[in-house]
Structures are given as C-alpha cells and as structure tokens.
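Please find one structure pasted underneath; my questions will follow.
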Amino acid sequence: MPIEPQGTGLREEELERSDVLTVSYQPMARYAWATGIAISRFLRGLKDGEIVGTKCDQCGRVAVPPRIFCEWCFRRSGTWIKLPDTGIVNTFSISYISTDTTRVKTPTIPAVIQIDSAGNAGFLHIIGDVKPEDVKIGMHVKAVWLEPEKRKGSITDIRYFKPTR
Amino acid sequence: MLVKKRVAVVGAGMTKFMRRAQETGKELAFEAAKQALDSAEMRIQDVESVALGTAPDAFDGVHMKGEYLLDGAGGWQKPYSRNFVGGGTGVFSAIHGWWHVASGLFDTCLVVGEEKMSSCLPHPQTAFLTIFDNMIERPLGPNLIWIFALEMQRYMQRHKIPKEQIAQVAVKNKRNALDHPSAQIARAFTLQDIMSSEVLAWPVQRLDISPVSDGACAVLLASEDVARKITDSPVWINGVGWNLDTTYWTNRDLYFPRYVANAARMAYDMAGITDPRKQIDFAEPYDPFDYKELHHMEGLLLCRKGEAPKLTAEGVTERDGKLPICPSGGLLGVGNPIAAAGLMKICELFWQLRGEAGKRQVAGDPRTAVAQAWGDLMQIGTVVVMHA
Amino acid sequence: MSDSERIEGDFPVHFRYTAGIAGEKFLREIKDNGRLLAARCNNCQLNYLPPRLYCERCMSKLEIFVQVENAGIVQSYTVCTQDNLGKQLPEPVNVAFVRFPSTHGGLIHRINGEVCVGDRVRAVFKPRASRTGSILDIEYFEKMP
Amino acid sequence: MSLSQWRCRSLRRVAVVGVGVTPLKPTTPEVSYKELIFDAALKAYADAGVDPRRDVESFVCSSEDFYEGTSIFDEYVPDQIGGALKPVCTIAADGIYSLATAYMQILTGVFDVVAVEAHSKASDIVNISPIYDLALDPIYVRPLGLNANFVAGLEMNAFLHSSKTNLMHCNKIISKNRKNALSNVIAMNSTNAVPRRDRVLSYPLAEEDVAPLADGAAVVVLAAEDTAKSLRDDLVWIKGAGWASDSPNLETHDWDTATYAALAANQAYGQAKITNPVADVDVAEIDDTYSFKELQHAEALGLAGARKAHEMLEQGVYDLCGDLPINPSGGSLGMGHTLEMSGLVRVIEVVQQLRGMAGKHQIAGDVETGIAQAWRGVPTASGAVVVLSR
C-alpha cells in the first residue's frame, strides 16, 4: 500500500518570523558528577604529570582510563600502574567545526592515542605542534603538559600530544 | 535458540521526514501510529501493548520523553514502555515490540519511533556534546562528527579505501530516496558533488552525512494467529539480535563493528540463516554516514571485511543490483530523525517484502531481508531479519 | 571532598517548541479572540480541552473545533511556594485545575484570590495588544461573581 | 485485557535467583555511578551464584538521560554489570519495567538468564527541580513557571477531598514508614520523630510528605525454571508483571485515582490468578514518593476498598505486624527515594521477605505472596506492578 506521509515542514525563517507559535525555554539542569575511585586517581595523576592505568590481575590487560573493575573478567582490577606519557595515533580527524557546528579557522586534530605499553588502551585527546597534513595513523606522540602550577586535575592538564620525531 | 511464538509485521506507517516540523512530537507519533493502524485496518482498541523508541531527551527537550509521547503513540491506558539504545533505537524498537508478542504475553504490539530534533538549539549537534564521557571527554570539546571521522579514518586506513568509493554510497542513497514520498533531501548528486562538499572533520564532508530531521514511523506487530486474521500477507520477524560493546571505545579497534557482527549472528541463528550472503535478498543497514553503510554490510556478514566498497563500486548494491542495499534511500536520502529513521528500515522491509514499495521495489520477488541500526559510542548493533 | 573530585556540567542547549497543529489553533483563538477552543471527537463523544490533533482513546484525527464557554469549576487547587527551579516564591501562588462543563480535560492555571474545590471560575485574558499566543495570554483565573 | 484472557495463556516459569543492592545514602561522593553499580552487580551475581561473563545472556538497564546528565546514557552501562559485547539494552523507566522486560525476554525462550539493573546517583544532580520542570508540557504547563511539585499538591488535594483522607493519615504513613526503616540496614531516612507539616511546598503537600532523594544501585538476576532450580532452593517466582499508563496529559489524567496502578495490577494479577488481593497478598511494597500516594496506590492495587485505605491504615492493617504489611522496608519515605531504582529496591525487599531473609524487619507468619509497585513520579501517570511468590 503506497503511503501518503503526513507532516508540515517549516523553514527557519517561518519560525524566526513567528509565522507559527513557539515557546522558548532555557533548561537549567546542572550536575556535579562524583568522579569516584578510578577517575579521581587518574585525574590526580594528571595533576602530577602522570598517566595512571590499571592492570587486571587475572587477564593482565591494562586499562586506561583506569577503572576499578576489569569488564572482561568481571572482577575488581588488581593494580594501579604508572604509564608513560607517550603513545601512537590509533586514528585521528582534522576538524573544522566546533561543538555547535560553527566553523573554525584553525582546525583541531582530535585523535585516539594508544598509550605505550598499554596494549590497545588509550583515550581521546588532541594533536598539536604539527601540520594537519603531516599527521599519520601510527605516528608516535608525547604529551605536552600544562605547567605544574596551572594543572587542576583535568584531562586538559595535558595540552595536547605532539609528534616525538 | 527456540522461539516460542512467531511474530509478524502486519502494518506500517510513517510521516514525512522534515528539517523542522510544525507538529509536536506527540502529533508526529500520532500520524505514524494512525497510519500503521489504518494500513492493517486495526483500531487502537484492538492493540494490547505499545512499544516506543525515541533517542535523547535533549533533542525534543522533554525529560522522560517517552511519557510525553505516550498518547500520540497510542499508549493511553495500555502497557507502554520506551526502549533506548542510542542510534540503535529505531530497529531495536521492533525488537522491543517483538518480545512483547514472542513472550506470549500479548497478541499485538504497536511500535512507534519518534524524533523531533529541531526543538534543540543552537543546533541539534550541540546536544551530542553530552553523549561524551562527562569526566574525561567533554572537557576536550568534542562533537559527534569527531567520532565518525575517527572511525571512518581507521576503517579507510585499515583497508586502504579511497574516499571516492565511500562517497559512492551517498550518491546511491540520495538518488534512491527520489522515489520515497517521505524523503527530506533526495537528489541526484554526482560523485563530484559529494567529494567537493565542505570538509567538516576530515575525512567527513557535508554530503557524507544524513540530515537532521523531525519525523516518526510505526509498525504493528501480531502473533501468528492474529496476524493471519488481519492480513493474507504478513511479514515475519524471523530473527532479532542486539549487542552492546564496552563503553571504552578508545580501548578497542574501530575498523570493524564486532558488536554488529555479534548481533547479526544472534539474529541469523534465530532465523536459521547459515549463509547470509546467499540467503539475504536485500538489506537496510544503518547509514547515518556513507561509510557506515559499508562498515555495516561487513558487520552484517554480507561480505568480507573491507569488501563492501568494492561491491558498491561494482554496482552490486544498487536497487537493481544483486544485493540491493538501502533501496529506501536510507538515512542519507530520506532523512535521519534518529529512532524514526531506524524504524523506517523495518517499514521498508515490510513494504518491499510485500511487493508494495512502488517505484522503490527491488526486483526478483525478495523473500528475506535484514535491517540494522547502530549507535551509542560506536557500540551497539541492533538487527532484525524479516521474511515474507 | 575536594572540588577536583566532582566535575560539573550541564546541557549547553536551549529549546524552541512549536505549539503544534492543535496548539496553534487553540493559542491563536486566545490571542485573536479571547476565546477557548476544544477539539471534538465524535467517536468518543468527547471535547478535548486543550484541543488535540487526535483522540487519545480511539486515535481518530480531530478536525472539529468547538468553542468552550468561559465558565469553569475548580476540581482541585494547591498553593505553590516554590518556583520551577525550587526557589522560594516571594508570595505563594494559588493554582487550580479547572474543568469546563461538557469538555474532557481542562486547564491548569494561576488563580487570583482564594478558591475551594467546586468554585466557579473564569479565565481573565490579558489585553489583546499584549497577547503573544501563549497560555500566559490568560492572566489568571478568578472566581465568578 | 480482562482477567479471563490471561487465564488461557500458559507461560514459562521465571524465578528471581539473585539480588544485590547497595545501602541507600543521601550522597556517595566516594564512588562514581559506575563504581556504585559495580558493587550492586557483584552482590547480585554472588547471591545468584552466576558469573555474568559466562552465564548471564542478556542485561536490561533502567535510566533517563536528564537524571544522569548524559545524553544516550545507555552508552555507559555495560562494563560495570558484566555486559560488554553482550545483548544489553536500556528501558527508560523504573526498574520494575526493566524486570518485566527481562521476564518477557525469558518467556520468548531465547534467554535463560537475564540481569536487571537500576540505580540512582541523585547526588550528582545539583538541583532536581529544573529536571522535573523539563518533564512538564512545554506549551500548556511549563510556561506557568511553577515548581513541578504543584502537580503533587493538586493530586493530593483531589485525593484527600474525594477519599475523606486527612493530613493525620498522611502523617501516620510517614511515621510508619520511617519507623519501619529503623530496622532496615539499607535505609537512610529512619526516625521515630513526629512528622512536621510546617514547611509547605504546595499545599497540602509539606516537605516531609516527600521522600528524600537517595543514591543507590540494585541488580536482580532472573532465570528460567530449569536453570533457576539448578542455582538455588529458595526460589522466588515471578507470577505476574504489569505496567500501564493513564493519560500523560495532566488535563485528562485522573487527579484523585491512580488509574495506571489499577491497570498494571489488573495485568499482573491476571497472570498470577489473584482475584482477591487483600486475602492473597501477604506483603506489599508500594510507591510512597509522596505520603498520600501510598494510600492512593493501596486502593488502586486492591489492597483496600475504594476510598477505604485510610480506614485500613487506622486499624493497623498495614503495620509491620498487621495483617497486610505495606512497606515493611520503610518505603521511599523511610529508605530514601532512588528515582528509577525505586521499584527494583522494592522487588528486592519482597524477595528477601519471601525468602525469610529480611532481617530485623522480617514480617511474622507465612509469607507466600508479595507485590512490588512503582510509579514514575510527577507529572507521569505511569507505573508497574510485579507479583512474586515462593
């Protein structure tokens, strides 16, 4: 049976001109998430210029960002380990848009950084100090840290990762 | 896996997919639900349960959005619930409805998928910031395009896929959508159009992406006995599967969607499909971005890893090819109101398998097809196998 | 607990909701004519207030709109002391759910003055010039003399 | 669906084989939501004697994005419950809906063991009022700028008016539940203090009529009959599950009656073949987000005649030592209100009562059948019921 789809499409101008009635609303929902055992430890490590992971006593997998459990063995993770602040680019993008899709002049280079000696494990961060066209998957990179006094226990305590060359 | 009861799709409906709808979310849900009921000549009073799928509340801008949409979806004074598995929600809604009937608890279930993304300003993409980890990802200012770009790059690099082969999917789907009456951005683009569109986050360009949409879809499910009373041509849900990978997407290789493969194996196993490449006549994999169609063909085990771009280049996946992929026009062409877009794929299987797809009808009397959706942090696969 | 052990965040978006197909008719009628409309379901013999595009009971599309006389009855009331963000209101606000004879549904609104369950009330509209096509074009309800 | 329609359906038997819950607390800054849930999961799997990686075939979680502060929160659920790379889904509703979902999944014959998760990290929410505000209709209700508890105020006044219940009855509910909570080790709001009505939120609703928000996590493991019998002897069976909604529009929902609860109960009782709940139910854990709701829900669930719940309350029928104890756990008023986990923590209480393992608040006598019920809070008219039996 062929359908006759219903619906009244509008153009942005029609909404802006109030051709149709609307209600505008600013949500005020605010949160303060407890970072808990594992991420608190990770963020404190960043403040100290260290990347902290966990190692499962059973399967030996290294997890970074760390967690108090191994999701594959389903048991409490055994050991905190200090990891190097170097790794390789697992994948990357060259982004010309900000969070709200507005265009930016200087591209951002987000990447998944696989931390050295952590197996497959890594985290999302930004690549810097390199021309976009020179970034390659497999490239070795090192963290560029904020000055110690400016760090606040955040993922942004690492300013970006740059090629080690 | 022995399923106690067979479940059929007996009706389907969908609204237009639009960038901005005047209808409220409830009204969109109603239009689709009503059409699904009418197509089966059923009254809402005859429906025993209602299953709703809708994606983030931050689009429509209503907390407990499932509750808000309830009356439009036909849930008044009925057993009604809402499932939520991110972008996988649309196809999962049919699975959600399926277990209502397959459990033996209900003989009928109305399944509705809705999304009204235009309520969200300054841009619906902004809401996607809040899908990232609140502790260690959001401070980096990510957007949704990033994760697609990262996954696409990994996929391209692993299999040495040229961007042109990926862009071919956008050409095909946006053209297929010319024959869909609900389509939002159907157009005959050339490969050059796609390749020269604005770069958003390399390798993702403007026309690699499906549009933001408002819309709704619905299907009506029934148990075997009831289905046979409603229609002479029920379409059976023979297999369902879903699978959620670890949240830690930066701890796994993104080049292959293993969770989609797991979901597909579950669904094929249930449907008795042992060789999907031979037994599936056409497929509606999830295509919010052009490369995702290819990624998902591989996840659905419809070809070898890395082979989907080649099949596309050879025309195998065209509507008149040997394995038509997204004959509807997909999300790339029809539009992407998240949960509704996934359920649109179930609608398409229903219409195609009944021979009712009109100008979109794939040739050769298709009997078995698969629909799939995907979502979360590149993490969930939802798969439905249907049979005429 | 130090600040570094909690991370703050929000939803950095705002919303613009369309009144919808039925809502547009209802709010325009208030704005233009200071009148209340209900949507008629012939099948269920119900007049929905506020009007709807569809009957939630039988899922019929509703296309007949009927005028509702501006004379309602308080079915329940409350005295609200907090605003929508949980802040203490400078003055408590009387709020009621008002039913209207021969309609299904009713309106929730502020009440000017005190009321009891069963009191007859009516909507007081803002002056035409300051109406915007909003539920707030009804200034409040008040007891009928 | 009528009761007779349920009679002709023969269904697979499904049992609760494991439960785990963390103590409810006003705040849990020491753990993240994942770590809180992990604790409950460990307890539940230990109680069931299962390894989630090997034995649990499907996982059903419960959450709403605006309670978490994260869009598509279902992304963040699999690891801490042992569900990574397995069938995991989220039902955006109370944990009893998720339990009903797991129940249906097992009834299909596809799975034998399914885990259900629900949690509350309410202390991560800076202020709950703006979140409730987001649930109000954006066109007709939200522009009024009122705190969403006005809905509870209107419902309470309507209920008191039509049932001839008074504020003393509401106080008695508060006292009973907070007192029951004194012997419940997981409860956070237990006290013998006399309820105060001096801080009115939305007349007649006072601050102490409202259950205080709490953090917690709960996991329940279900199994099909054969598997269940291989896991433990003291099985608790799911005899029926129901969930239903009245109109979601405040204007057309019943203000003074919990129609959703009556519909859900009808569905669950139909499956369980319960025709006289007052006689057939030995213990009930029912929603008391607001004090009056316990009475309104008791009526809707058939645990009192129409408009008679307050009389039963006066007679002590619902007391811990009464003929039909309601909320021996202390309910949300006594334990704390855990958002979408509210129903699942009640399921766990009923399971423990049926097992005879409820500890100091174990009710006396033979406990054969219990019910747990949830309501999704204002402004919804939705809720779920489950019937459990030894």
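Letters are used for the chains, namely A, B, C and D, taken in the order the chains are written, and counting of residues starts over at 1 for each.
Please note the rule applied: a residue touches a chain if its C-beta (ideal position, glycine included) is under 8 Å from a C-beta of that chain, and two chains touch if they have at least 3 such contacts.
Since we're looking at a predicted model, the values are computed, not measured.
Engineer: Under the document's definition of touching, what chains do chain A and chain D have as common neighbours?
Structural biologist: Touches both chain A and chain D: B, C.
Engineer: Taking each chain's centre as the mean of its C-alpha atoms, give the chain farthest from chain D.
Structural biologist: Ranked by distance of C-alpha centres from chain D, the top chain is A.
Engineer: Higher C-beta contact count, B-D or A-C?
Structural biologist: Result of the comparison of B-D and A-C: B-D.
Engineer: Can you give the whole-Å distance between the Cα centres of chain B and chain D?
Structural biologist: Roughly 33 Å separates the two chain centres.
Engineer: Distance between chain A and chain C based on Cα centroids, please, to the nearest Å.
Structural biologist: Their C-alpha centroids are separated by 43 Å.
Engineer: Express in whole angstrom the distance between the two chain centres, defined as the mean CA positions of chain A and chain B.
Structural biologist: 27
Engineer: Measuring centre to centre with CA averages, how many angstrom lie between chain B and chain C?
Structural biologist: Comparing mean C-alpha positions, chain C is 37 Å from chain B.
Engineer: For chain D, jot down the residues that touch at least 2 other chains.
Structural biologist: In chain D, the residues touching two or more other chains are 29, 32, 66, 69, 71, 78-79, 84, 126-127, 130-131, 133-134, 138-139, 142-143, 247, 249.
Engineer: Note the residues in chain C that touch 2 or more other chains, in rising order.
Structural biologist: 5-21, 23-24, 27, 56, 85, 134
Engineer: For chain B, jot down the residues that touch at least 2 other chains.
Structural biologist: Residues 21-24, 58, 61, 71, 76, 122, 126-127, 129-130, 134-135, 139, 246, 248 of chain B each touch two or more of the other chains.
Engineer: So that we know how the chains sit together, what is the shape of their touch graph: line, ring, star, complete or other?
Structural biologist: Per interface graph, the chains form a complete graph.
Engineer: Help me check something: in the complex, which residues belonging to chain D touch chain C?
Structural biologist: 29, 66, 69, 71, 126-130, 133, 138-150, 153-158, 161, 200-205, 247, 249-252, 255-256
Engineer: Considering only the defined contacts, which chain C positions touch chain D in the complex?
Structural biologist: 1, 5-6, 8-11, 15, 17, 19-20, 23, 27, 48-50, 56, 75-86, 92-93, 95-97, 104-110, 117, 134-136
Engineer: For chain A, which residues count as touching chain B in their complex?
Structural biologist: 1-12, 15, 20, 25, 27, 31, 33, 35, 39, 42-43, 63-65, 67, 71, 90-101, 108, 110-112, 120-126, 132, 137, 154-156
Engineer: Within their complex, state which residues of chain D touch chain B.
Structural biologist: 1, 9-12, 32, 63-66, 69-72, 74-79, 83-93, 97, 100-101, 103-105, 107-110, 131-132, 134-135, 137-139, 242-249, 259, 263-264, 267, 271, 376, 379-380, 382
Engineer: If we count contacts the way the header does, which residues on chain C are in touch with chain A in the complex?
Structural biologist: Per the touch definition, chain C meets chain A at residues 4-19, 21, 23-24, 27-28, 85, 133-134.
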